[in-house]
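To keep things simple, chains are lettered A, B, C, D and E as they appear, and every chain counts its residues starting from 1.
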Amino acid sequence: MTATATRGAPIRLGGVGKTFSLKRGKSVEAVRDLSLEIQQGEFVALIGPSGCGKSTVLRMIASLDAPTSGTVTVADQKPGELAAQHRLGVAFQDNALLPWSSVRHNLALPYKVAHRPVDRQRIDDLIDLIGLRGFEDARPKQLSGGMRQRVSIARSIVLEPDVLLLDEPFGALDAVTRRRLNGELQRIWMADPVTTVLVTHDVDEALLLADRVVVLSPRPGRVSKVLEVPFARPRTQEVTRTPEFHELVDELTAELDVLSRGSGE
Amino acid sequence: MTATATRGAPIRLGGVGKTFSLKRGKSVEAVRDLSLEIQQGEFVALIGPSGCGKSTVLRMIASLDAPTSGTVTVADQKPGELAAQHRLGVAFQDNALLPWSSVRHNLALPYKVAHRPVDRQRIDDLIDLIGLRGFEDARPKQLSGGMRQRVSIARSIVLEPDVLLLDEPFGALDAVTRRRLNGELQRIWMADPVTTVLVTHDVDEALLLADRVVVLSPRPGRVSKVLEVPFARPRTQEVTRTPEFHELVDELTAELDVLSRGSGE
Amino acid sequence: MTVMSQSAVQEAREQDVVDRALPPSRGTGRRLRRAGAAVVHAVWPLIALFGAWALWVRAGDVPPAVAPKPGTVLEFLAENAGSFVGDALNTLAVVVGGLVVGAVAGVVLAALSWTSQIARAVINGPALLTQCLPVATITPVLARLFGYGVSTIVVITALISFFPVLVFAATGLRQTPAGADDLFVVLGAGRWTRFWRLAVPSAVPRVLVAMRVSVVAAVAGTMLAQWVMGTSGLGYRLIIAQTSFRTAEAWASSVVSIVLSVLLFAVVSAICRVVEKRFS
Amino acid sequence: ACGGGDDDASSSGGVTDLKVQLSWITDASFSQLYIADSKGYLADEKVKLSLIPGGSDIGAIEGIVASGAADVGMSTDITSLIAAIADGNPLVCIGALYQENLNALMSDPAKPITSVAQLKGKKIGGNQGVQTKFDAMFKLAGLEPDYTFVPTGYGPDPLIKGDVDALAVFVTDEALAYQDTTGKAPTLLTFTEAGLPAYTEPIFVTTDTLKNKRDALKGMLSALKKASADDIADPALGAKLAVDQYGKGNDLTLEHETEHNKAYVKFIESAATKTNGYLWVDPAEISGPIVKGMKASGLKTADVSKILDTSLLEELKEG
Amino acid sequence: MTRALRSSAYGALGMVVVLAVWQLLATTGTLGGALTAPTVVARVFGDAEERSTLAQAAVATGGEAVVGFGWSLLTAVVVGLLVTLVRPLRRGVDQLATIESAIPFLSLAPIMLALVSREHVPAAMAAATAFFPLYVAVTAGLDAVSRSVADLCTVLGASRIDTLIRARIPAGLPVIATGFKVGMPLAIVGAVIGEWFGSSDGVGPIMLAAMRGYQMPTMWAAVVATVLVALVLYGVCALLEALVTHRFG
């Protein structure tokens, strides 16, 4: 499960709570007393009902939101440190591409911000990987929803970060492209296992990719179940057809079902 | 399969082609020679690889893009007519919520645009349906990705349109919420079967909801396969566990797989 | 595009940090500290400015006809503070009146120019015409239209302040958030609905930018108009003191008008911040 | 158009350069300066004048000279110079182009106003700042100020249109425009007649300049005196120089400038200039009626010894 | 291309409307003798010599305005970038900018002349009047980053400078370009007023002489010349805005 000597960094959430304030003194408690330790080089999938706080957890790890209570450390430092060292890769739920830049320039951005020479070869390879050859000079508004999402994924890994945070990166993709990119992600991660947190709604995907699957309860998000995924890597589509796999899928689905029912949402 | 006397309107695409121009004289042919007849009150699911032109087809039906060649009619009129009569419901791939309006106001917008009295009761019911009770006054930026998508779905049906166009409406939802909303959509559609086109990446979803599933080929999008869905309604999650269902899923998945492989994307 | 000013993001974030660092019981301390920071922000430019002025007058041995000593001006201000209140209120009233008229005119013209390309072209030319001419040049014509009284001064103020609003509002009305135009097409929105429910809210952030420009321009405009043809107010006091070589009084009038500008700018900026939060 | 005003005021080849800040654009008002230059009177005196046009019309001339941005100043009206000196600016008057206050109150000849008493209850127009003068006129006539001030812009329009009963004007400008427009000569009540005498276009320098460039200044005055005589003899010459040379670019017309200059030259001479020469400024006139009028206007005044230095003109009178 | 043609046709139409109204007001004498009919003004332009004098003057004034605008823009950008990078300075500098724009320069000619050498006064006045709108547009533009782009910069560990270059500036260009359209006419008035401080060329002195001499045809001809220059410069700004909005909007 834990990978060999890796560049990754451990992530620790200790009793983290996050409350947002809404209008007129109302507030939402998005996350409550959430504790989670993610090892260096571990691949964790985060699943849970819509609105349960998954993105919020990711944003706190990425230093974009500060927890209301509890502590978050990444590589034993404040979450912002890793980002400042350009060692963080994030694919946002809404892509966050620069609207005025072409695909190529969006992919070159992390290099430029890190003041590293732009590796054209790598960018070209990534463009091939995500199937956007021919669209290098297209701007985001000229791309389909799924194409944008693929650019966002590529951008998150372009610098080979120590921590990779993926917020539903494959949500807008068709099943085939999705599985293909799942496979690519696994390959990339196995070659260089960095600490990865993947938010997904697809239980199969979680089980296919992760070392551990963490299930969050409905809002306020708490850890409701943690599941170690026992399958050896590389995991192929074959694995997903085994009874063991189906069993785990059913177990997680049932858990989600119970959670959702409980919340009445 | 075809529903009883309905309010829906037929949609006809005749030899439709759409080419977008990119920079420096380059262009993308998004759709080529696509012909499709959708009956009044029919529920059609549109599936196909990412970037194959699904959203483009929907946009042409909604009068948002004009075809480069061929013709599109809705209710035997130009596509814009239906919209002008406030008889069109669309859930966009990117939600398109008004950032300055609360959930409640976003849902009231179609009434206001149509100069109809706002039906508070209906809006309240829809808020309950999409599980956003308590977030009526929240603004889009205060919602999670899935919550935003649910508001967008509710807005598309709030006026009980004659034609409903849904562009991956459930893409950002967890499996449980997704299935629940699938069920609700079926219930609503059965009570009042309007012409519906649903773009989805989920083959199960397509088979669960649609009368016909249309598979588009990779760019340029053409109709590659049309599948009549034989299951009686109401279709429950039980149906999805039958061998017939699995067979059709496999058939469609195989088709998609072949298509994707062919395109090399 | 949801325009969220990074400053707001940053402030929010800094706020988060402060909230974490300080337990709720220390709320008053925090408030005090923040008030202290506000005072520092408000005061350093003034100190810098007066310092530079004092230094320049002293080092350059500047004669009073060029610039009096800041001390003399402040002394005059202190001694005659009461007499400036009336003038300041007079000017303030004209500024507010002219600004309201100008802002409304700017928004209305922007709305008209939103409706068609013809309207836009027909409005832009004349609007530009009012902007590139010195006040003194157009005063005789305006006075003929509006009389030699305060209404012409209000009109001049309005003329000076409407243009930024027109320009920014006209662009703002077309800066709709991504996807919103499509949404309104699909909903079958008429022109009018599209204007009120889409264009107007979209224009708000830009209009706020314009308001910050306009409020300051309005003070300058009122001062100029009173200077050219007023019979009361700070601008009038300035010209009379000037022609009578009461340098300290002239400068004191300017200082009061500048203070007025700064205060109004701060007020408008504060309002802008509140509205901006609402519309981003 | 008028020899750049930025060269250093240093002597090159024995010629001293003086920067002269004028109160107005280079039109016929300053014909003496153009004549002195073009006829070589200045060169004879080893002086070169760099004319800096004015126009800001706000009594800034004193400040510009006091700050050293110009060596010599000519402001519209000597009262502003006196007020500036009283305010502590180290300036001193060494002469004046015109002997009269060229300001006047102009009225419709059909409803003529020829005395201050007739101003009672009337609407009087004028440029901003002139109100203090109206107040002074009433006071000097032993009356309570009783009039409505109408702040007008430029031009005789307000009087022609009947917005005002009397309008403060320059006898050499708006008064002529009124005649051109209406075809009839306006009724004029000059400021001097109303108790506010003044010299127009006083020539002044800082006390330092007077000390350090005394010879050059004296040369300048001498040249201007000669030019004054030429100007009176042929008003068309100054007008032509203004249009073609010194005021080129201001879009002046010869006809207009000639007409103006004919009006101006009348004020170069006075009883005092007969005995003391052109450009003369009389100490008694200042310490007497001018200071009195200023006091009535609420202006600060100073002792005449601080205001005026006639030594240069005295020397020229002798020499 | 056809769009550009059409919009300039509409622009011409706008000007025709203005001229018609102006002619009407002038010939009926509603606004007094201070307003001259366009036909009379046209006669001034009919004279070749007048025309070249006015053209030279307008070009001179336009040049001063452009130079002043340039300085002002440079300052606004430098100061805007500074206060965006060094946040705590922002409020104080806002205040200084407000003070700058509130100084009644027209009534403080000696100061202007004490601070700037005379031939630069028109450009300096142009800069002084155009500065504030440009400053506000620059600072507002640099703040107009979408939240998601701001977040992206944070997670990429972009330094303040990089955030500025990669996100704030591109996102802000449309707002800044709109500011140009406000600043440019102000630069032109500024230049004209600056010329009143003692300039031998430009439209300023022509206006002064004509106003005082009640030469209204000349005065309005100068006004028309100024407006023509303004139209050209404003047109350039509008074009720039359109380009920038298309590219970055």
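Operating definition for what follows: a residue touches a chain if its C-beta (ideal position, glycine included) is under 8 Å from a C-beta of that chain, and two chains touch if they have at least 3 such contacts.
Quick caveat, the model's predicted, so the values are computed rather than measured.
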item: Minimum number of chain-to-chain touching steps separating chain B from chain C; value: 1
item: Pair sharing more residue contacts (C-beta pairs) when D-E is set against A-E; value: D-E
item: Averaged-CA centre spacing for the pair chain B and chain A, given as whole angstrom; value: 27
item: Chain B and chain E: spacing of chain centres that average the CA atoms, whole Å; value: 50
item: Chain B-chain D separation of Cα centroids, rounded to whole Å; value: 84
item: Length of the line joining the C-alpha centres of chain C and chain D, rounded to whole Å; value: 40
item: In chain C, residues with contacts to at least two other chains; value: 1-2, 4, 62, 65-66, 136, 140, 144, 178, 227, 239, 242, 280
item: Residues of chain D whose C-beta touches two or more other chains; value: 58, 63, 66-67, 153-155, 157, 161
item: Multi-partner residues of chain A (each touching 2 or more other chains); value: 94, 99
item: Chain D-facing residues of chain E, complex; value: 32-34, 50, 53-54, 56-57, 106-107, 109-110, 113-114, 117-119, 195-201, 204-206, 208-216, 218, 222
item: Complex contacts: residues of chain C adjacent to chain E; value: 1-7, 9-10, 41-42, 44-46, 48-49, 60, 62, 65-67, 117-118, 120-126, 128-129, 131-134, 136-137, 140-141, 144-145, 163-164, 167-168, 171, 175, 205-206, 208-210, 212-213, 216-217, 219-220, 223-224, 227, 235, 238-239, 242, 250, 254, 257-258, 260-262, 265-266, 269, 280
item: Residues on chain D engaged by chain C in the complex (per definition of touch); value: 58-59, 62-63, 66-67, 80, 83-84, 86-90, 125, 128-132, 149-155, 157-158, 161, 163, 297-300
item: Complex contact set, residues of chain A against chain B; value: 20, 22-24, 26, 28, 47-51, 54-55, 93-94, 131, 134-135, 137-138, 142-147, 150, 167-168, 171-178, 180, 201-203, 253, 256-257, 259-260, 264-265
item: Interfacial residue positions of chain C with respect to chain D in the complex; value: 62-66, 136, 139-140, 143-144, 148, 227-231, 236, 239-240, 242-247
